[in-house]
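Provided herewith is a single structure, encoded as structure tokens, for subsequent inquiry.
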Amino acid sequence: MLNSNTQSEFHLISMKFKMVREASLKIAEPLSEEDMQVQSMPEASPIKWHLAHTSWAFETFILKPHCKNYRVFNQKFEYLFNSYYNAIGQQFPRAQRGLLTRPDYKEVLAYRQHIDLNMLDFIEKLLPENESLINLLLLMINHEQQHQELMLTDIKHAFFVNPEYPVYKKSKSPEYVASPLQWKKHAAGLYEIGHKNESFYFDNEGPRHHAYLDSFAITSRLITCGEYLEFIENGGYQQASLWLSEAWSSIQSDKITSPFYWIKKQGKWFHYTLSGLIPLELNSPVMHINYFEANAYAASVDKRLPTEQEWEVASTDISLEGSYCDLDRLHPCTARGNDLQQMFGELWQWTSSSYNAYPGFKAPEGAIGEYNGKFMVNQYVLRGGSIATPRDHIRASYRNFFYPDASWQYTGIRLAETI
Amino acid sequence: MLNSNTQSEFHLISMKFKMVREASLKIAEPLSEEDMQVQSMPEASPIKWHLAHTSWAFETFILKPHCKNYRVFNQKFEYLFNSYYNAIGQQFPRAQRGLLTRPDYKEVLAYRQHIDLNMLDFIEKLLPENESLINLLLLMINHEQQHQELMLTDIKHAFFVNPEYPVYKKSKSPEYVASPLQWKKHAAGLYEIGHKNESFYFDNEGPRHHAYLDSFAITSRLITCGEYLEFIENGGYQQASLWLSEAWSSIQSDKITSPFYWIKKQGKWFHYTLSGLIPLELNSPVMHINYFEANAYAASVDKRLPTEQEWEVASTDISLEGSYCDLDRLHPCTARGNDLQQMFGELWQWTSSSYNAYPGFKAPEGAIGEYNGKFMVNQYVLRGGSIATPRDHIRASYRNFFYPDASWQYTGIRLAETI
Amino acid sequence: MLNSNTQSEFHLISMKFKMVREASLKIAEPLSEEDMQVQSMPEASPIKWHLAHTSWAFETFILKPHCKNYRVFNQKFEYLFNSYYNAIGQQFPRAQRGLLTRPDYKEVLAYRQHIDLNMLDFIEKLLPENESLINLLLLMINHEQQHQELMLTDIKHAFFVNPEYPVYKKSKSPEYVASPLQWKKHAAGLYEIGHKNESFYFDNEGPRHHAYLDSFAITSRLITCGEYLEFIENGGYQQASLWLSEAWSSIQSDKITSPFYWIKKQGKWFHYTLSGLIPLELNSPVMHINYFEANAYAASVDKRLPTEQEWEVASTDISLEGSYCDLDRLHPCTARGNDLQQMFGELWQWTSSSYNAYPGFKAPEGAIGEYNGKFMVNQYVLRGGSIATPRDHIRASYRNFFYPDASWQYTGIRLAETI
Amino acid sequence: MLNSNTQSEFHLISMKFKMVREASLKIAEPLSEEDMQVQSMPEASPIKWHLAHTSWAFETFILKPHCKNYRVFNQKFEYLFNSYYNAIGQQFPRAQRGLLTRPDYKEVLAYRQHIDLNMLDFIEKLLPENESLINLLLLMINHEQQHQELMLTDIKHAFFVNPEYPVYKKSKSPEYVASPLQWKKHAAGLYEIGHKNESFYFDNEGPRHHAYLDSFAITSRLITCGEYLEFIENGGYQQASLWLSEAWSSIQSDKITSPFYWIKKQGKWFHYTLSGLIPLELNSPVMHINYFEANAYAASVDKRLPTEQEWEVASTDISLEGSYCDLDRLHPCTARGNDLQQMFGELWQWTSSSYNAYPGFKAPEGAIGEYNGKFMVNQYVLRGGSIATPRDHIRASYRNFFYPDASWQYTGIRLAETI
């Protein structure tokens, strides 16, 4: 028989599971069934698909293999909602997810309820006998949280196609104030990098290992819209010398002259947010910047992006406080004062580090091994979380990764320099 | 004051307007809001878009220019639902129609009601004083009927992406019987071609003019699935000599070996219909054949496709009876006996005629001139209507046109030969 | 034993063969080996390839099947230099012809000599015993003449990539004078169309057949650069209503605002010719116009292009005099006076006729049947020959054909109207 | 006045310059003018272009800015032969280099002679007074050597398009023997990485800096064709779990089942070499492997690729002996015995390191700053040189870099593991 401590642990897991599952539906709440159907580019997915796929993950990795009497909701879903797990089987073509009108939203809701009931049953009855599965369960819960962030970024991208710039949810911008850009110094030395094994972490955050860093400084806050606007107005997008060669080719051929969600109307700058098109606030952190832009901005002020090791060292002992996913406030906060700020929440921060395996990294066996390892090429690491990240989902060792031309995530700029 | 004859004429127009408008909603009835949102290829459009665009046409060509006090439903719709009329203004990009989640279906319904009320008002009050507008009104009514056919072909195409092959509406196939292929002869001579000006017609059906035809014969019925299957089984898709050069390139590079909606499962042929995936019925007319395939099939039996003039001459004095849009029966009928059959309804029949202007054709001035004329290149004429065509929408001089690689329309094969 | 008349006939054929073969080398003369190697687009071919392929045609269609002891020059050439004859076998990929550096030019010359010797032997010894082969021989000779025109258009296209605008051969423009645009009328009636079987013709020129034409008028001369410039300056390329829908899309997306070889430098118009970049001569016929442009120009003056039947009727009893391939004079001539002029030579004239089979047309059996028939879709007929056409290669029934977006041929505009 | 030591130093530089310039022409010697014209893909360049561009580099970076009386050979060449230096000006489009038939080969030779004369004059007269330019001169000499390797890889790629598999130069394969795969261990620790400033180096090789490495082992030799064949025969190209996600997508869509230059004919494996198509030698090192394949192979034996730091540490104190560019022997050598072998020469070895800036790296000011820095994204570092690398061009700190899908370079596989 379990002691009460352990019981309360399982109770907490059960609570967390329910809260995370509800949070996904909450994000979908302001959306019509049409909104949940569309996919505006192959890299994005329909909201309905996210709702189904996260359920699929619990079904595929927990219920099917570990619950003897589990009754599959719909055999076809194994194929339809498999994102990229080759070890599970073929996948419905990614670029066509937005064309799957059936199952409709109502059926996906029924699917979610079916999974929820079975999962709660599993947590109550089977998990206590199989504690080894706790980590797998936490992985699936964190997986759903990752998709919650994607739901917000993907619907924003889809709405932006519409010339009426639909409002996902009205919310008021916080007050933004000017804050000086300070440099925070760190001595050279041998540092430890990677998760500390204290709580849940993804496989790509380990093993913890040593890295030698030269002395460096990192900025006290994120770069603001005003600072980035200065870069634009100084001809930043016309100056080849600031850009990586690939970036220069693409901004030339696509005629890019400002960040993805920025729009100039009658001489005034606006940017598109989940609360609609709003005037650009100069003191707010610049967002939806891709790696190429972050890099060019850094070059324009003769600095560079931090490596992910530098970022992690700088974030040691920093509180995780910040702006996270909050449907009533869909904007990042302002920086205030001279301390190191905006390290967590607000916006993902590009690092100069290519997403690669840490020394000694081995992907787990089986389908779960496909979760992170197979994407370790041509992507760049981002750190810190964003206003679209669930609050309890982040930590200092967390490694997010995207392609260098990706703009639809909540991404910003922090600078560094070798000193 | 109008006499009662005329009054009944306007009453008839009003009735027709209402029936056509209702028919569009009827087609949408079996669909979910998600179904109505999707666009499976740039050539197809979402059902919701069809419902809005047909309303837009009444608003743009009748209400705005001719009803002084007309209150526009939504200014933005002028841009959002303009299909291709450059004289009206810019158009929302065609390939992105499926990404417009707003207006949602409910708002589109409200838009339709707004248009209906205003149009009925216009028909009752203004039309009698502006009889010259009758033709314009009939054009718009016929326009909506054209979109009704497209609604059925577009949703079929979208559903076919789904590996579960959704059923639009259950319906029973008619009984199919074998019927001999006869040849119907016509003497050489000077014939008159084009509309006879007796009722409504599209501009591209005229002017009526003379054409000299050599003596020819045309088949008594459409080619059947069984006959086409023989072509496949004789290696038709592997025999370069039967295909136009462009066609051969594309079936090689796309690895095409059967018609678009055909599927072979465990050695048995099925085809996808609006009633789902059903076993191929050998005596039913083969459908969803593109021009390239129709041409290759004809070559394989040492015949050719008819010219549109030959088809029109053969159709003279033929009854318009046939299978038209009927949501309770979504399949073409069988041919019976030796008479000339299946000329109208059932399936559009490819002709060898490039879609071009008739001698003396002039497109009308203004936006309406863009209706047909600007598409007169690289497309081929089809005649006769189909099971997706509204019953009162067809006539002998009616010219439909599609690109030679188009397969998603209800298209079939009739053969001809010079004798 | 042959009588002297027949002997002289064979002597003439032999002479013609030699002259045509020499003419190809003459065209290559001003070119370096590098010039002869390149292929600037998939639709064009390297000069070296043309020289080899035309030899391949004599080898494949005459020497191999009809000369028992013929020794093949190189077995691999059957594949390398097959243009598009599926009945002969696989073809080296068209778009990669420019990458075949071996055989080099010297080896291709040796190949040509080998073919010449064997062909002359064939003409002297075997042809008299196989008079039925005369037509096949003439086809191959005419085939080489067609490639001579392509050599000139393809090298022009390749040179135009070079920002130094290389000169193929210096030559002086003729003096151009203004000439009024007259309309030549033709009565309605039943006309005979197609070759008269008097001399060599391609299969697509027959069978001769009847066509009924409404009364029409056709312009006395080709449209000039000055007239076309007026179209440009009146905003022709910005006026959607003048263009076919496909054309409008492509000039928008490719930002086309003038004919392919036209260049504006410091406010002055130039066009690229085989004699280099020269100032635009307003009275010279406008050339390198594609079907879309010809059509739009016609629409801008409220006229249309002639049908190919109208063109053929208008050309009856017209002398074939005109400017043909002459390496010392690479420019079309001016029109003078009021007569019907510039019907032959000068520039190919777009007709509104889609390239299709004449009534009763059957492609010959075997590989030769692929010569013309399989291209009868999506192309448009041009008539009359050009300054790149060999002088003895044209006739009133000659049907050239290209895709409507093709600009690199010597193509011009003649207008027509229904009267 | 210079003392004799310094004089001999300038004499040596002059000798080196002449030898390197001659070596480029030597590589071109077996090629026809046609061979030197072609460009088989955008990433490759024509041989003629390489010969011109390397001259352009001396002209642009040394003669124009530093020789007052230098007479430019041809003003247009500044644009035509600029590879990618935005600071110099616009560039002729990379993908069209193979279409530039003028200047022809003879003119390019004249250009080279003009540059040679002027450069020798510069080295003799001006360099002694401007010793600061020595490094720039050495950079340009090394630049030409880099292009010598590309000449060999680019012509190989172009020849491979030809189904006759042309021989660049006949040469005999060395005798290959089986050699055991040993693991060479290295202790964990803080190592110094980067050039030691003793001789010429590229900017990307510095600054020298510290890196902490976990203990690791590296294989004694390169992976052989026999070992790679086993990977293929064990279904390596069909096993998703071995491949990075991007790689799996591309081998699926392109149907890749073996290395780029491998061909199976009648059950036997051949590979294409500069000496033609030859039977695969099982004990020779496998070459033309891209990063994706190298990574998948490593995964298949449960190892990984070395990081560039590990490779550099392992290469410390290793002799630079190995097979380098030798036109009489175009094959890598066999490995013999148990020592660490094949570290230099033979084949470039993929590392798992994304090509990025070393800590403290700053690109130089001006156009020269574009040499390396702007390519630091999405490429992977290769180390060691190859049989196409000039012998005196390599060192332990040398960082080559290519995209992970690049196969046309002389690339092979060395494995590592964390111990």
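Going in written order, the chains are labelled A, B, C and D, and every chain counts its residues from 1.
One rule holds for everything that comes next: a residue touches a chain if its C-beta (ideal position, glycine included) is under 8 Å from a C-beta of that chain, and two chains touch if they have at least 3 such contacts.
Keep in mind that this is a model prediction, so the values were computed, not measured.
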item: Each chain counted as touching chain B and chain C at once; value: none
item: Target chain D, source chain B, minimum contact steps; value: 2
item: Where chain A and chain C are represented by their mean Cα positions, the distance between them in whole Å; value: 60
item: Mean-CA-position distance for chain D and chain C (Å); value: 47
item: Chain A-chain D separation of Cα centroids, rounded to whole Å; value: 38
item: In chain B, residues with contacts to at least two other chains; value: none
item: Chain B contact footprint on chain C (complex, rising order); value: 84, 86-87, 190, 209-214, 240-241, 243-248, 291-292, 295, 304, 352-354, 356-357, 359-360, 369-370, 374-378, 404, 418
item: Chain A residues within the chain B interface of the complex; value: 32-38, 40, 48, 76, 79-80, 92, 96, 98-102, 104-105, 158-159, 161-164, 166
